[in-house]
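Read from first to last, the chains carry the letters A, B, C and D; within each, the first residue is number 1.
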Amino acid sequence: MENKELLKQRVEELAGRVNGEVEEILGTLILKVQAPYVTETLTAVKSFDDVPCDFLHDLAGLDLVDHLEVVYQLTSLNGPQHLRVKAIVDRENPVVDSVTRIWQGADYLEREAYDMFGIQFKGHPNLKRIYMWDDFEGYPLRKDYETEPIEIRNLVRQRIDGE
Amino acid sequence: MSIDKTEELVLNMGPQHPSMHGLFRMIVHLEGETVTEIEPKIGYLHRGIEKLAESRTYTQFIPYTDRLDYLASPHNNWAYVQTVEKLMGVEIPERAEYLRVIFGELARIASHQVMIASTALDIAGWTAWGYAFRDRERILDMYEMTAGSRLTVNCMRIGGMSAEPPAEFWPALESFLDDTPEMLEEYYGIFFGNEIAQGRLKNVGIMPKELAENLSITGPVLRASGVQYDVRKAYPYSIYDRFDFDVPVRYGCDSYDRTIIRMDEIKESVKIIRQAIRDIPEGPIMAKVPKVIKPPVGEVYHRVENPKGELGFYIVSDGSTKPARVRIRPGTFVNLQMLPIVAKGWKIQDVVAIFATLDAVLGEVDK
Amino acid sequence: MQTLNNLFLIIAHFIRSLFADPQSVWANLTMDVINFIIVVVIIVLAALILILLERKVAGWTSMRTGPNRLGPRGWFQTIADALKLMGKEDVTPAGADKIIFKIAPMIIFSLPMMTLAVIPYGNHMAPIDLDLGIFYFLAVSAISTLAFLMAGWGSNNKYSLLGGMRAVAQMISYEIPLLFSLLGVIMITQSFNLGDIVKAQHTIPFIVLQPLAFVIYIIAGIAEVNRAPFDLVEADQEVVAGPFTEYTGLRWGLFFLGEYGNMTAVSALAATVFLGGWQGPFLPGWVWFWMKVGVIIFFMMWVRWTFPRIRVDHLMHLAWKVLLPLSILNIFLTGLGIFIYRLVMGG
Amino acid sequence: MFGKGLFQGLGITFKRMVGPNITEFYPEQKPVLPSRVRSSMGLQREKCICCNMCAMACPNGVIKLTGEKDEESKKRVLKSYHMDLGRCLFCGLCTEACPTKALTVTQEYENAVFEADDMKWDMIARAERKGKEG
C-alpha cells in the first residue's frame, strides 16, 4: 500500500529528529517518543506532506506500572493513514505538554486522562477532574489504585452530626 | 439600592431537569435569556467501566458494553468483539457477519428514531416523540425475539453471534423495512416539515466545518457540517465494503441539518439491511474460538461508526485472560465539547435544542 | 322548545318571584350570589372536563387511550387528581416573598371568574350585562400578566423568574393584536356590549365578515392563555415549569384551574364575538354556545398536541411584525367596508 | 407556501386521533414474551452437576453455589444455590455456560420486591415452589 509506505517513511524521518522509536503492531504504525517531544512530534505529524494525520481521534492514558503513557490515535478525514503516537511520561512526575493548541478537541480527553491517571497537561486551559468530583483522592485507572470490595461499598455511610 | 447595576444570572440546569438527557448537568450563565457561558458538568453516571474491564475476562465484559450507548447496544457489542477478534486474529463466519450488519443497522435506525423523538420533545413536539418511539418498539421486539432482551441486547460474542434469529424474525424485519418510508414521511410531516420546528432549528447553533474537524467531532454531527466521512466507507470494517450505500452529508451546519441527517441515514440503513437480507448465506454463526479467551500480548485500536459518533476501543493485552487496559473512546463524549463553543450567544431554549441535536447518551459520555 | 331555550331564565324568574318585590335589593343580591356560584361552578366543571379531555386528546393523537383507570373509561381521573392535590403538603420556599407567593394563585383563579361573568350564555343570560363588556373583558384578562410575574418573582427561584419575565413579554405583546382584532367587530356593531354583538350576528356570524380578525384573535388568544405553541412561560424543557415551579398542592391546582378557566374565557369570547354566540337553529341557545366554545377549545388542544414550541424571538416577531400590522390592516379594511356600505346604502 | 407544514401536521394528528390506538393494557392483559427473554433464571436441580461454570461465567459474582458428593452414585449433588439479583445484569452468560442446561432463562418478569433482602434468590427453594404451583 503506497499510502502506508509513505507514512512509514515520514514517521521514520520524524523519529530520527525526536529520538523516537517506530514499531508496527497489527498493521498500525506506532511512534514512541519521550514526553518533552510531544508538541514537536504532533505538530510535525499534523502537517506531514501527502499523508497528514490531522484528526485527533483519541487521547488516552495508559499505565504500564513502571511508567505512564499518553496514547494519541491520529487519523485523517481525507485518507486512510492512521498512526499511534505514544508519549512516555514519568510515573512520579507525570507532566506532558497539552495538545489543546494543536487540536481544540483534546480538551475533554486530556481532562479525562488527568482525572484517571493524574497526568498533568501543561498549558491546558481548564485542567480539572471531569468524571470524578473535585476533591476525589487518587487516580482510579492507575494500577496501584485500590478499589474497595463490594462488602465495604455496600455499607451505608452513617450521617455525621451536623451534616 | 442602585438599579443600574446588572448581574449575570447563573442557572444550574440538571442533573434533574426535564430537558437534560440522562444525568447531564450544565451551568449556564445568562444575560437576560442570552447564554454567555456554558460549563458542562458530567460524571453523574460514571460507573468506571474501563476499570471494571480490568477485573473481568474478555467475555464477561461484553454485557458491560451494552451499558455504554444503551440506545444502540448491538453497536457497542460489535465494536468490542471486533476489537478482541482483531487482537486474536479470529475469522468469523459469513452468516454471523451478515447478522451483525443487520443488527447494527437496526440499532442505528432505533437510535436515530430516539434522537428524532428526543429532539422533537426538547422543542415540545410531544406527539412526534410518541410516533418515533412507537416505531422503535418494533425493532426492540426483534431484538427481544432473537437475543432475549430489549435494551441491553448482548447479542454478540467473540467469534460470532449469541443466537440465530428465530423464524418469525425475518417476516417482522421485512414488514418493518416496508413500513419505514411511511414512518419517515410521518416524522417529516409532524416534525421536520413544521414551520415552527424549522424556525427553532434552522440557522441555530452553527458549527463550521473547520471547527468540527478541529474539535474531533465524528458521526452525523460531523457529516451535518459538510464533511463526507464515515468509517464504514473510509475504513470498511466487517463486510461494509460489500454493500452499496451512500454517506449522507448536509452542508447547513445548523441544528436542523444535524437532526434531519438522521432521516437520511435511516434510509441508507434500510438499503444496507435489504442487501444483507438478499445476500445472507446459510451456515454457522459462531467461529471456533477457545472456551477461555486468551489473546496474545499486544495492543489494538479499532473503531466503528456508532449511530452517534465513532466508537473506538483500544485494548492492551498482557497475555492473560483479563485485559490490561480497555480504553473506550465514546463518540458523544468528544462531540459534547462543541456545546460550550457553539451554543454561546444563543437563547436558553436554543441551547436545549443544540444539546438535543448532539444526541448525547450519558451512558456513553460518562462511561 | 321555547321552555328549554329559556330554562335558566324561567328558573331565575321563579327565584325572583319568591321575594315580595322581585326587583328589590335583596332579590338582586340573591341573584348576584347565585350568578357568582354559577360562574365558579362553570370554571371548576370546565377545568375538570377540560383537563381530562386534554389528556384524552393527547392520548388519542399519539395512539394511546389516555387515562383509563378511574371510572368508566377514566372519566373520573381529574376528580381523583383534584383530591390528590388537596391532600398534598403546602410548601412555601424558604426564601420566598410569602405574601406575593400566596396571593398569585388566587389572582390567577379570580380572573376567569371576573371575565366569564360578562359572557352572554344565552339570550338575556349574561350574569352581568355590562355595556362595556369587551372592554372590561380585555382589561381584566390583562391582569393575569401581573399574577404570573408575582408568582415568578415571589417564588425566589431562577426558573420561576425567567418564566415570569417571559410571561410579561409575551402577554403584553399579544394583548395588542388581540384587542385590535376585536376592534373591527366593535366598529360594525357600534357597541361594546356583548349581548348586542351577539344580536348583531342574527343573519351572519362575524367570522364571515371578519375572517382575518378571527384568525388573529385565535392566534393571539392561544398566546394569551400561554398554551402551546406559545407556552414559553411554562416551557418545561427550558424553565422547568416557569412561575409554577415552586408551587405545590392546591396552590398549584389553582393555577391549573386558572389556566383552564382562562382558556374557557378566551374561547367563550371568540364564540360570542365571531361565531354568533348563542344563536343557532333547532337547539337551545346555551347548548349552541357551549358547542361553539367546545369546538374552539378542541382546536386549541389539537394545535397543542401537534406543534412544537415557537422560538422566543419568532414569538415577538410574530406579534409585532405580523399580527399587529395585519390587525391594523383589518381595522382599515373594516372602516373602508363600512364607508362603502354607507355610501351604497345612502346612510 | 408558509403554513403548509402546519396543516400537514394537523392532518397527521387528526388521522391518528380518529385511528386505532395501540395501548397495551398491561396488568389486565399480560404479554406473552418470546421464549428467549432473559427476565429471570430458573434452575432444575436434578440436572445440575455443580461444575461451577455459571459462577465463573458471571461478570459480577452473582451466583454462589455449593455441592456435596453423594456417597451412593459418586456424583456431586447441589446443596445450595443462591443468586444475588441486586447485582445481576441479566446478560444470560450463566445460562450459556451451563453444560447440562440446568440453569435456564425464564420469562417471569414481575420481579419487583419491597425489601432489598428479597433480591437474594434461593434458587432451589424457588424451583420447588414453582414445582408445587405448576
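Here is the rule we go by: contacts are C-beta pairs under 8 Å (C-beta built on N, C-alpha and C of every residue); 3 or more make two chains touch, one makes a residue touch a chain.
From a predicted model like this one, the values you see are computed outputs, not experimental measurements.
Leaving out chain B only, the groups of chains that stay linked by touch are A | C, D. Chain pair with the larger contact count among B-D and C-D is B-D, by C-beta pairs in contact. When every chain is represented by the mean of its C-alpha atoms, the one lying closest to the mean of all protein C-alpha atoms is B. Ranking every chain by how far its Cα centroid lies from the centroid of chain C, the top place goes to A. In whole angstrom, the spacing between the mean C-alpha positions of chain A and chain C is 62. Chain B and chain D have CA centres that are 27 Å apart.
Inter-chain spacing, taken between the CA centroids of chain C and chain D, is 53 Å.
Averaged Cα coordinates give chain A a centre that lies 41 Å from the centre of chain D.
In chain C, the residues touching two or more other chains are 61-64, 305-307.
Residue positions of chain D with contacts to 2 or more other chains are 6, 9, 12-13, 16, 22. Each of residues 127, 131, 134, 190-191, 194, 196-197 in chain B touches at least two other chains.
If you sketch which chains touch which, the pattern fits none of the simple shapes: not an open path, not a single ring, not a star, and not all-to-all.
Shown are all chain pairs that touch, namely A-B, B-C, B-D, C-D. Across the complex, chain B is touched by residues 25-26, 28, 54-58, 60, 62-63, 71, 73, 77, 80, 82, 84, 103-109, 112, 116, 129-133, 140-141, 147 of chain A. Touching chain A in their complex are the following residues of chain B: 42-43, 46, 48, 50-51, 55, 86-87, 211, 213-217, 227, 229, 234-235, 298-301, 303, 310, 312, 314, 316, 325, 327, 329, 333-334, 336-337, 341, 366-367.
The touching residues of chain D, counted against chain C in their complex, run 6, 9-10, 12-14, 16-23, 25.
Of all the residues in chain B, the ones that touch chain D in their complex are 56, 59-64, 66, 127, 131, 134, 144-149, 152, 154, 162-163, 166, 186, 189-191, 193-198. Against chain C, in their complex, chain B makes its touches with residues 9, 11, 17-19, 30, 33, 120-131, 134, 190-191, 194, 196-197, 199-200, 347-350, 352.
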